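A, B, C, D and E are the chain letters, set down in written order, and residue numbers restart from 1 in every chain.
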Amino acid sequence: MYIAKVVGNVVATKKNDTLMGSKLMIVQPVNSALKKEGPEEVAADFVGAGIGEYVLVGSGSSVRVEEERRRATIDLAIIGIIDDVVV
Amino acid sequence: MYIAKVVGNVVATKKNDTLMGSKLMIVQPVNSALKKEGPEEVAADFVGAGIGEYVLVGSGSSVRVEEERRRATIDLAIIGIIDDVVV
Amino acid sequence: MYIAKVVGNVVATKKNDTLMGSKLMIVQPVNSALKKEGPEEVAADFVGAGIGEYVLVGSGSSVRVEEERRRATIDLAIIGIIDDVVV
Amino acid sequence: MYIAKVVGNVVATKKNDTLMGSKLMIVQPVNSALKKEGPEEVAADFVGAGIGEYVLVGSGSSVRVEEERRRATIDLAIIGIIDDVVV
Amino acid sequence: MYIAKVVGNVVATKKNDTLMGSKLMIVQPVNSALKKEGPEEVAADFVGAGIGEYVLVGSGSSVRVEEERRRATIDLAIIGIIDDVVV
């Protein structure tokens, strides 16, 4: 998992059926000082995050552990909205 | 998942049986400004993408969640065609 | 697995249900000389680690092998507290 | 998946039982211009590739989807021999 | 998989139960010329490797394919001792 800032979203009309209904956000990984760190990625939004918010991003098969997501072609997801980073 | 530009394809006559029928495209990851970011990779095309198009690329076991792909030796796939990047 | 220093934690009130109860720590990977190496990540704490401690971090589906964690949206975890690094 | 050049092989007499019979090749990832890109890795050869050939390399659990490989300790494999790269 | 040199080990008294009995070695990835390449990692030793030896390291779920390791919190392991690198 990593901290990221939501910086935008992608629109894709033609896509894998299992992605229908998923909002696809562009996330910029950041460090604990909220400075950019590494390349942007695209994550499905599980928690209703908005542009500009800092979020927790999870990856791999962990984002498909819930029964309703077993058959989703998703390898990256916003799994939390970060209220505070304590360092 | 990440945004990429389709830049070509590979031809491989001798390959793993489970890859037969998959079109193998070369994808160049890009950021939300559509600038190159990191090395090219090879992805199976699930959505009928063309050279020059911007696409959504998924990785890992997520691209094998659908029943007909359970037994495919595929770890990277084009899972959407991007109409718009909103930042 | 890698060695990391626990440098902080994140607070996320709104998060995936399966994350409830997990303490989310910020870990800074280090090498065997305990020098910083690569970007910070966020790991669930399985062993009761404190800020400033050196820990062992595991990733991927390995951190969900235990029955009670099968359904947790966790891809990174603190799985040990390091007493000594011998080189 | 990525394009790579086969540059050598490793000999390991003492190894995990499940690796017995696998030929372990050293592969150098390359881009579509066949220029080196990133560090060498070691891949099991599924297709009979020779030194100097350009190949398609697959990673992760995708290389264990076939029944006879379910129990092999393999995370990287040569899954195709590349005849042509079209860009 | 990649080639690595065993450079040390970590001592962790407090750790995940499923790690008990695993010897945790520090491995430095190297290329085929045996030059350092990338950051050190920590791998469970499956083959009885010693400090200073060159080994084959496997990653991800591949290191848990054997029945007795299904429930081990291990994502990286030494799976072979390298006798020779042929390039």
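Of note:
Just so we're on the same page, contacts are C-beta pairs under 8 Å (C-beta built on N, C-alpha and C of every residue); 3 or more make two chains touch, one makes a residue touch a chain.
Bear in mind that the values here come from a model prediction, so they are computed numbers and not experimental data.
With steps allowed only between chains in touch, the distance from chain A over to chain E comes to 2.
Its C-alpha atoms fitted onto chain B, chain A is found rotated by 70°, rounded in steps of 5. Work out the mean CA point of chain A and of chain C, and you get 19 Å between them.
Annotation: 31 Å between the Cα-based centres of chain B and chain C.
In chain B, the residues that touch at least two other chains are 60-61.
In terms of which chains touch, the assembly is arranged as a closed ring, every chain touching its two neighbours and no others. The ring sequence of chains is given as C, E, D, B, A, with chain C as the starting point and chain E next.
On the chain E side of its complex with chain D, the touching residues are 1-3, 29, 31-32, 37-38, 46-48, 56, 58-63, 65-66, 77, 79-87. Residues 7-16, 18-19, 24, 26, 39-44, 60-61, 64, 70-76 of chain A are the ones touching chain B in the complex.
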